[in-house]
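Have a look at this one.
By written order: A, B, C and D. Residues from 1 in each chain.
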Amino acid sequence: MSSDHIYLDNLLDHYRNPRNYGEIKNPDFVIEDANLSCGDEVKFFVKFDKNKNVIEDIKFVSRSCAVCKASASILTELVKGKPISFVNSLTKKDVLNFFGGRIDPSREKCALLPLRALQSKTKAIEEDSHKNQKDLF
Amino acid sequence: MSSDHIYLDNLLDHYRNPRNYGEIKNPDFVIEDANLSCGDEVKFFVKFDKNKNVIEDIKFVSRSCAVCKASASILTELVKGKPISFVNSLTKKDVLNFFGGRIDPSREKCALLPLRALQSKTKAIEEDSHKNQKDLF
Amino acid sequence: MFDPNDIRHDFPILNVKVNGKPLIYFDNAATSQKPKQVIEAIENFYFLKNANVGRSIHTLAEEATELYFQSRKKVADFINATPEEVVFSSGTTESLNAIANVVAEKFLNPKDIVVTSILEHHSNLLPWVKVCKEKSCALKVVNANKNWTINIEKLEALLKEGAKVVSLTHVSNVLGTINPIKEVSKLVHSYDAILVVDAAQSVPHMPVDVKDLDCDFMAFGAHKMLGPMGTGVLYLKKRYADLIEPWNLGGGMIKSVKLLNEVPELSCCKVTYEDTPIRFEAGTPNVEGAVGLSAAIDYLSKLGMNSVLFHERQLVKYLLENLKGNSFEVYGPKDENSITGIVSFNLKGIHAHDVAYLLDKLAGIAVRSGHHCAQPLVNILGTVATVRASFYIYNTIEEINAFIEALKEVEKMLK
Amino acid sequence: MFDPNDIRHDFPILNVKVNGKPLIYFDNAATSQKPKQVIEAIENFYFLKNANVGRSIHTLAEEATELYFQSRKKVADFINATPEEVVFSSGTTESLNAIANVVAEKFLNPKDIVVTSILEHHSNLLPWVKVCKEKSCALKVVNANKNWTINIEKLEALLKEGAKVVSLTHVSNVLGTINPIKEVSKLVHSYDAILVVDAAQSVPHMPVDVKDLDCDFMAFGAHKMLGPMGTGVLYLKKRYADLIEPWNLGGGMIKSVKLLNEVPELSCCKVTYEDTPIRFEAGTPNVEGAVGLSAAIDYLSKLGMNSVLFHERQLVKYLLENLKGNSFEVYGPKDENSITGIVSFNLKGIHAHDVAYLLDKLAGIAVRSGHHCAQPLVNILGTVATVRASFYIYNTIEEINAFIEALKEVEKMLK
């Protein structure tokens, strides 16, 4: 078997046994996003500590390919307990590192969907808080 | 010089010295036609004997390429003094015979314009006379 | 009948190695591979006869014009049309957009009904969505019956309601099912409506006779039938060719343009168009594409379209027998005789993208996964994506064996 | 600078004999010949990487998609645009029709003024005639000044009157004269109007920089610049790319299509488009064409577009010197530095068709005769047809010598 593909053991492990899979009751927010063209869907449930700006807890469910599911799983592990600023500092490159540093162009969208979804919310929060700080002066 | 072209001596002669070139005063009818796409224009002046159904006299002027002009010139020689039915019996093949039996497809239009023009009128006349004959019975 | 092994050497790409394995190309419904004969025809055109067609008076231009005309004749004969009924376009999608636009302009009024079906490729759905919106018409999407062809009763009900235009795919690009166009055209015409047929997936795979089908407009493309990309056909019945205004304007399709005054205003020009089909081909035509399509038709004709269909069905039959296990969900009819060489399925519980990806990586097998530009249909199948294996003349039973082995491997990895 | 004799071996057609004489091809404004490199690029694509682009998840599809993207990047770099601003089309004429349609739909209201010029090819005149009629706008055709470029004062007068759109050729395909597009675009934009440029005859023959010219839309095609037929480019400034609706709809350009109800009515679908430029390329794109155009650009870039123009002007200069006799009527400027490699003329008293025909028969020389799809301009020149000799990189001074000899022979025959 050629190993020139992205289904490394790590990924397959996360796909078969996704971490933080499921729903959170009474989340502070829920984020849903989809790659319309391939039908990948992901949904995050987040418990958020407003004062510390920290992601207290996070879970997800997905109807998606293995790449997207594993990417979401790894992401939840990475961001749990971390401040918003850390989430927002994550880049495409960090996600690609989940998959050994590179990914076929046709699968990039699948891999990046979870981060894109999460940051759509966390970046908005960070912006808001900057605005609010400005408002103080 | 290759002789695989349509500018045979006969054609060149008719081009340089077109027969029946010019206008007829008080013609019975005038026929104008053009190949819009190449700008060839031809105009016939015809003296027509209604009773005998014969073309008494015919002249033409043209603003056209050599092929069209020569074709018109040869045509006038051919039809002068002939009955309408003869004009209408002429075919594409007869015209091509002016040029040694064949002509490049791109020049066909030029060669056929004069006959097309003339027949547009003579065919109408013939049809009309058939109709009138029918009306008699 | 032909043996695919006798023709594979005509397709150099079949010698390519993909991820270390010989390419197995099962993505023919997306685009077919090209035989040497087609590329040679293109090369010969460019290296011996290349010129713009139409007006130029020189030997190359006459040869190119003649080649272009011969290609049109070849296409016409292939579908039993006349050359005036064959308009070259850039592809099926462009043909369908043009048809929707001109049919709407000429024949549709506000509140009119246009009918299409759930089986359509987006290219035969969205242009109608657009023109129906522009013209304030109602677009009705008819469901399929249990054999996954159009539901004739529902179609007839809409015709009774006064539907003016029916646009229907001949063969589904997801399921391979074949609509009974001849029956449909009788029905549609008995209500004086117009029938448009998307033949993108039929003309490459089975005999198609426009006179027999009696459709009014038809669209298909070269690239799915061994021909080059960028070339398509718009068939329109002679009667309509004479009624319809050109949709693109420009060089080559006019006899004369005269300005009416020096600083002219609205409708400043007197324009005289060429006859059909030239009037519908504005601009320099794609002679290369026509010549390539003509060579492709020669290739297919030598095999015979009945044999092409028979060959594909043998492959489908063999594959369907091997997809019977519990692991598979196969969509559409399970009877090879009601479809062309297309099989859509899923490995239960595994996303189609993962299957397609691993088939390629593990075994050099190219299939398509997703909604195949027929999202409404795939949604009705109850999923967001299928794996689609689609066959053509060069595919073999041995390739299907390798495919089945690879599917097992994929399943092992991802279950 | 390059020596044409060093590159002629790249063009196999130059070895063809026409009527017993080696082909002399002076019909480059109609279409150019193709170097081996372009055909090889096409062949390599089909024999090594052919697949449909976009959605398929397999190696060939990824390679084809990558090639297609690289080609877009190459085109963008060549005209100093960004890839999102480059839409592939089937040719200049299709690009211009699409531009006229979308510009009219988005920016024109009844009574608005659209401006074009007497210098236009039919492909940049008739689409505007059509949309102006549909939208009840006034189309004004500006005359040329004495140098046979657009009359700027008249243009400005129309802008003052409130003209909304100006569509202008960059280089005249009959006279080779070069419109001062940069100056025009400043003027047009100072009146908040939109500038469309027909670059069919400029991009193949001189450096063109859309940022520097600052036009809003531009059209050109591959087949006049060593590339394959059936491929063109529609450049649209990013700002407009985001404003404009797709003109063709179908596969490949949408993210999602959902039916809103089972038997849906008007606007039955929720459709989400892909980003620009993909949203403007409905259907399977012509990857072959893009790859071929890319190879053509490589070839031209190696020579350098300034050198291409310089070379053509040397040939023009030499020809003009030899057309000075009494027998000739030469149209347009007699100064090679104000034109590209195009010379229109007549042998006095002889119809252009006769000249073109005999040049071919007697000497294997291909020129174009007629109105060159620019009938209004040719009429203003005071004739119905001109002989047009148009040059490209592989033409030589020796060929012009043969041309001049042949013209003398033609004159002898027909005078």
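The definition used in the following text is that a contact is a pair of C-beta atoms (placed from the backbone, for glycine too) under 8 Å apart; a residue touches a chain by one contact, two chains touch by 3 or more.
Keep in mind the model is a prediction, meaning the values are calculated, not measured.
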Subunit A-subunit B separation of Cα centroids, rounded to whole Å: 83
Report, in whole Å, the distance between the mean C-alpha point of subunit A and the mean C-alpha point of subunit D. 48
Could you grab the centroid distance between subunit A and subunit C? Build each centroid from C-alpha atoms only and quote it in angstrom. 40
Residue numbers in subunit A touching 2 or more other chains? 37-38, 104, 106-107
Find every residue in subunit D that makes contact with two or more other chains and list them. 19, 55-57, 61, 254, 256, 353, 357, 370
Viewed as a graph of touching chains, is the assembly arranged as a line, ring, star, complete set, or other? other
Just spell out which pairs of chains touch, all of them. A-C, A-D, B-C, B-D, C-D
In the complex, subunit B touches subunit C at residues 36-38, 104-107
Touch list for subunit B against partner subunit D, complex: 1-2, 4-5, 7, 12, 15, 37-41, 63-67, 104, 106-107, 110
Quick check: in the complex, which residue numbers of subunit D touch subunit C? 12-13, 16, 18-19, 23, 25, 27, 30-31, 33-34, 39, 42-43, 46-52, 55-61, 90-94, 96-97, 118, 121-127, 129-130, 132-133, 136-143, 154, 221, 223, 228-231, 248-252, 254, 256-259, 262-269, 271, 282-289, 353, 356-357, 359-360, 364-370, 373, 375-376, 379
Which of the residues in subunit C come into contact with subunit B in the complex? 55-57, 61-62, 65-66, 254-256, 272, 274
With touch defined as at the start, can you tell me which subunit D residues reach subunit B in the complex? 19-20, 350-354, 357-358, 361-362, 370-371, 384-385, 409, 413-414
